[in-house]
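Paired with subunit B in one complex and with subunit C in the other, subunit A is shared by the two complexes that follow.
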Partner chain A sequence: MNAYASSSAMTARPVDGGHPSTAYFSTGAGEKKRKPMLEAVDSRLRLVVCWGFALAVIGLTQLPALLAALALAGFAAMAARLKRAATLRHMVAFDGFMLFVLLFLPFTVPGEVVFSLNGVSASREGLLHAAGILLRSNAVMLMILALLGSMEPVELGHAMARLRLPAKFVHLFLFTVRYIEVLGREYRRLRVAMKARGFRVRCNPHTWRSIGYLFGMLLVRSIERAERILAAMRCRGFQGRFHSLTEVKTMDRRDYAFTGLSVVAGGALIALEYW
Partner chain B sequence: MAHIPDGVLSAPVLMAGAAVSLAGCAYGLWRLEAERIPQAALFAAVLFVAALVHFPAGPSSVHLILSGLTGVLLGWAAFPAILVALLLQAVLFGFGGLVVLGVNVMSVALSAVLCRALFLAVARSGNHRQTVMAAGLAGGIGVVLTALLVSLALALSGQAFATAAKLVVLTHIPVAVIESIFSAAVIGLLLRVKPEFPGLTLVGGKRE
Partner chain C sequence: MSEPLFHLSGIHFAYDPEQPVLAGVHFTLHAGERVALTGPNGAGKTTLFYLMVGLLKAQAGWVEAFGRRRIHEKDFVDVRPRAGLLFQDPDDQLFCPTVIEDVAFGPLNLGKSMAETRIIVRHTLAGLGLEGFENRITHQLSGGQRRLVSLATVLAMNPEVLLLDEPANALDAEMRERLITILDGLPQAMMVISHDEDFLTRIARRRVCLAQGRLMEY
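So, the complex of A and B:
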């Protein structure tokens, strides 16, 4: 339900956000001492490589290349130490309409008949097409979760800032990340209050209206909060720039190794496709 | 929010979506004054949380798309705000994808901007009832527009998707009904509790 609940459940990282000098003081009980390998890699690099991987994979059509891409993403997920159960749940949870897309493909693509259902025949080409979509989307999603989902959203914001994305966009991103947590907490509090008064979510206009009032109330509170934030920012002389709390590090040996590995892997995928 | 995953759509559709979204985001950011960023981010966060609520509908459940309400509240800032929301959903939950982000942002944010215009046109006279009705209309039409854009992206990506594209629109009709009542409730409450709410002040002869 809440973004932060599931993101932290998914990433298994020290609570301090992975700052090198404080990682050893992590209070996360029962967590492994060694940091995942990927965490040491520059966040900008992870963003760029993830983007490149997605671009390469959506162009793949051959089954061996697609399987290799999925294996690569699985390897990255292991290197990032993603929680297996949560990741699998994310992988099977498609938006409902994607199910239609996949289910109808075997029947709408013409080709060699494999089996038929109530007089409608499924084609080999259609099945392959559906399998291709399933492999491509899962490979990209797994790579996103491994390379980007494993960092704090704030770190992603700083990575985008250092990649020279517009400052206004980065600020919007960072503010939104922060407020999702705040408002998510407030939302759950209001829901508990509604539950205490006997409210149950059903399929009727009363439910839809009540949840609407709840979010209306959240908006009213948020606008008052926005006024306070703006006043606080003015008071501190905000000049359109945030100071990053993480040190700006230069590329080190590990980053170069990661870059080299990514380029080789990408080349191998493309080679498999056009073999 | 609408999420087509990566690896479904064809290259021309992806590029067209990216171009529209890039232009929309650039314009939206240009119009968004630095002072309004915290407010836009707060609205975006409220809508992000609201999009995660699941409503039971028959045997399954649906979640809101909120393009109409986003448009009413944010105007052109809907483009960058929705980009942020969809990027976060991709990174945190694995919904959608990266390259397809342009198409997904377009299908939500373009409907949002259109719904804003519709809302302002209908709510012009500014009495309470009419404004609430306009919000309901924007909420419902927003879902339909988003579904149409998603199905258009699918249909243009290949003949094979034609059936699925039609079904996308059909399955979104219940969502449109729920969201219409939801949006009317949100705006109705805002009008009663805080009539000077930003975005609503353009309505009904009150000064900007």
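So, the complex of A and C:
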């Protein structure tokens, strides 16, 4: 029996408890039965390919190669059947971060003048530089959403563990996934209780002090909870070592096909760069 | 009578020296007994459970468990799997991402093989009517399901004693009935903390009350 294989098939579906699934892929009525092909690919493989893609794209400088990389990411997003609206929202939020850098680059990088605005001239080199950054970051971001965003965070944690990433890092990640919602609930409870007593955020010492108390209390409660969790773990015989239930899944035909495709696509990108 | 599972004598404990929580608690638990532990809020009921499994150390008095006097941390290591403590908040107990990993955590710590553990997990979940829950994500379960899964994580170690800290807390009527049926069918000796009179009447045969640092039989 292979629990890992079955778990990767199970966890991607929203659980009937009514909680929204954290996965990004669409679960429209007509699509429920056909799972996106990418879902079936081993999560370790997806993680490695995503990492490889990011490394390759960071190294690209030629515009055609970068455009091809973005197209490739777009293709992967389609194959993963990402929800269009949610994906766009994430991309826009992400691009918002870099907006200023991108706007100022053409005016600050010296080079051949293309146009001028209020006496400040924009250079061709600067424009190309900004376009390169925009394409590069969006290609990587879209690929991450396509390959990793369709995974439950738990599955990502397991993939990291099985790729022999440091155990401490993996456990930190998994504990965060497990408890962030519990802490979030605690925060919202406290916040609602404050509101119920007429608290409104203003710019005065009372607000600063109260918000300080709120976060202080959250910290104290988190530490207490951490202690109780450790106590519960000790009650079940925990002595500092985690034992894993997961077995290593061997690559199947789909995994080989995905690997082949990724290598070819990566090769094509690099070829475009040096062509 | 056979040797008691637990024998506490003259237990003293205080978080704050000014206000002792337990001041000379005597208590004996025999196999097959089901004891209701009642008492006002802050009387030290949970503290007593913690002392019994060595999560806290008594400042005076003795804890004897399974025929041996237990003093140091290492004495309690083998007490804990044999006296399964069900925590008040399932979120404290369930820390693994998926149900199967959480239920397997105890047996794996006890050195069971992966194959044995899988069988234990399957049987334990089936015994609680939780078939097919293996790959569910723990934090996405409902409150009642969480409670049953945390009971499963304790039962998976095959304990001789169950220490249940407000097991019926925050359960709806249906889930409460289901829990009563399950607990009633278990062979283990039990101590149950609860403020639910009806629940206690249906589960426990013997009653003790903790008040002003003393344990009284009634």
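The rule we apply is simple: the second predicted complex is superposed on the first by the 221 of 275 C-alpha atoms of A that agree within 3 Å, B and C clash if a C-alpha of one lies under 4 Å from a C-alpha of the other, contacts with A are read in each partner's own complex, and residues count from 1 in each chain.
Everything that follows uses one rule, which is that a residue touches a chain if its C-beta (ideal position, glycine included) is under 8 Å from a C-beta of that chain, and two chains touch if they have at least 3 such contacts.
From a predicted model like this one, the values you see are computed outputs, not experimental measurements.
Touch criterion not met for A:163: it reaches neither subunit B nor subunit C. When the shared chain is aligned, subunit C comes close enough to touch A:237, but subunit B does not.
Once chain A of one complex is fitted onto chain A of the other, the partner contacts of A:177 extend to both subunit B and subunit C. In the overlay built on the shared chain, the residue A:71 is in contact with neither subunit B nor subunit C. Within the superposed three-chain arrangement, the count of touched residues of subunit A is higher for B, of the candidates subunit B and subunit C.
Look at A:63: by the touch rule set out above, it reaches neither subunit B nor subunit C. When the shared chain is aligned, subunit B and subunit C each come close enough to touch A:229.
Touch criterion not met for A:251: it reaches neither subunit B nor subunit C. Of the two partner chains placed around the shared chain by superposition, neither subunit B nor subunit C is touched by A:193.
Once the two complexes are laid over each other on the shared chain, residue contacts for A:219 go to subunit B alone; subunit C is not touched.
Common to the subunit B and subunit C contact sets on subunit A are residues 1, 3, 6-7, 10, 175, 177-179, 182, 225, 229, 233. Listed in rising order, the residues of subunit C touching subunit A in the complex are 50, 53, 55, 77, 80-81, 84-85, 87, 89, 91-93, 95-98, 100-101, 104-106, 108-110, 114, 117-118, 134-142, 145, 153-154, 157.
Subunit A contributes residues 1, 3, 6-7, 10-11, 15, 17, 19, 152, 154, 157, 174-175, 177-179, 181-182, 225, 228-229, 231-239, 243, 245, 247 to its touches with subunit C in the complex. Residue ranges of subunit B in contact with subunit A, taken from their complex: 2-8, 11, 14, 25, 29, 32, 34-35, 37-46, 48-50, 52-53, 55-58, 60, 62, 73, 80-81, 83-85, 87-88, 90-95, 97-99, 150, 154, 159-164, 167-168, 171, 178, 181-190, 193-194, 197-198.
Across the complex, subunit B is touched by residues 1-3, 6-7, 10, 50-51, 54-55, 57-59, 90-91, 93-98, 100-101, 104-105, 107-109, 126, 129, 132-133, 135-137, 139-142, 144-145, 148-149, 153, 156, 166, 168-169, 171-173, 175-180, 182-184, 187, 201-203, 205, 207-213, 215-220, 222-223, 225-226, 229-230, 233, 240 of subunit A.
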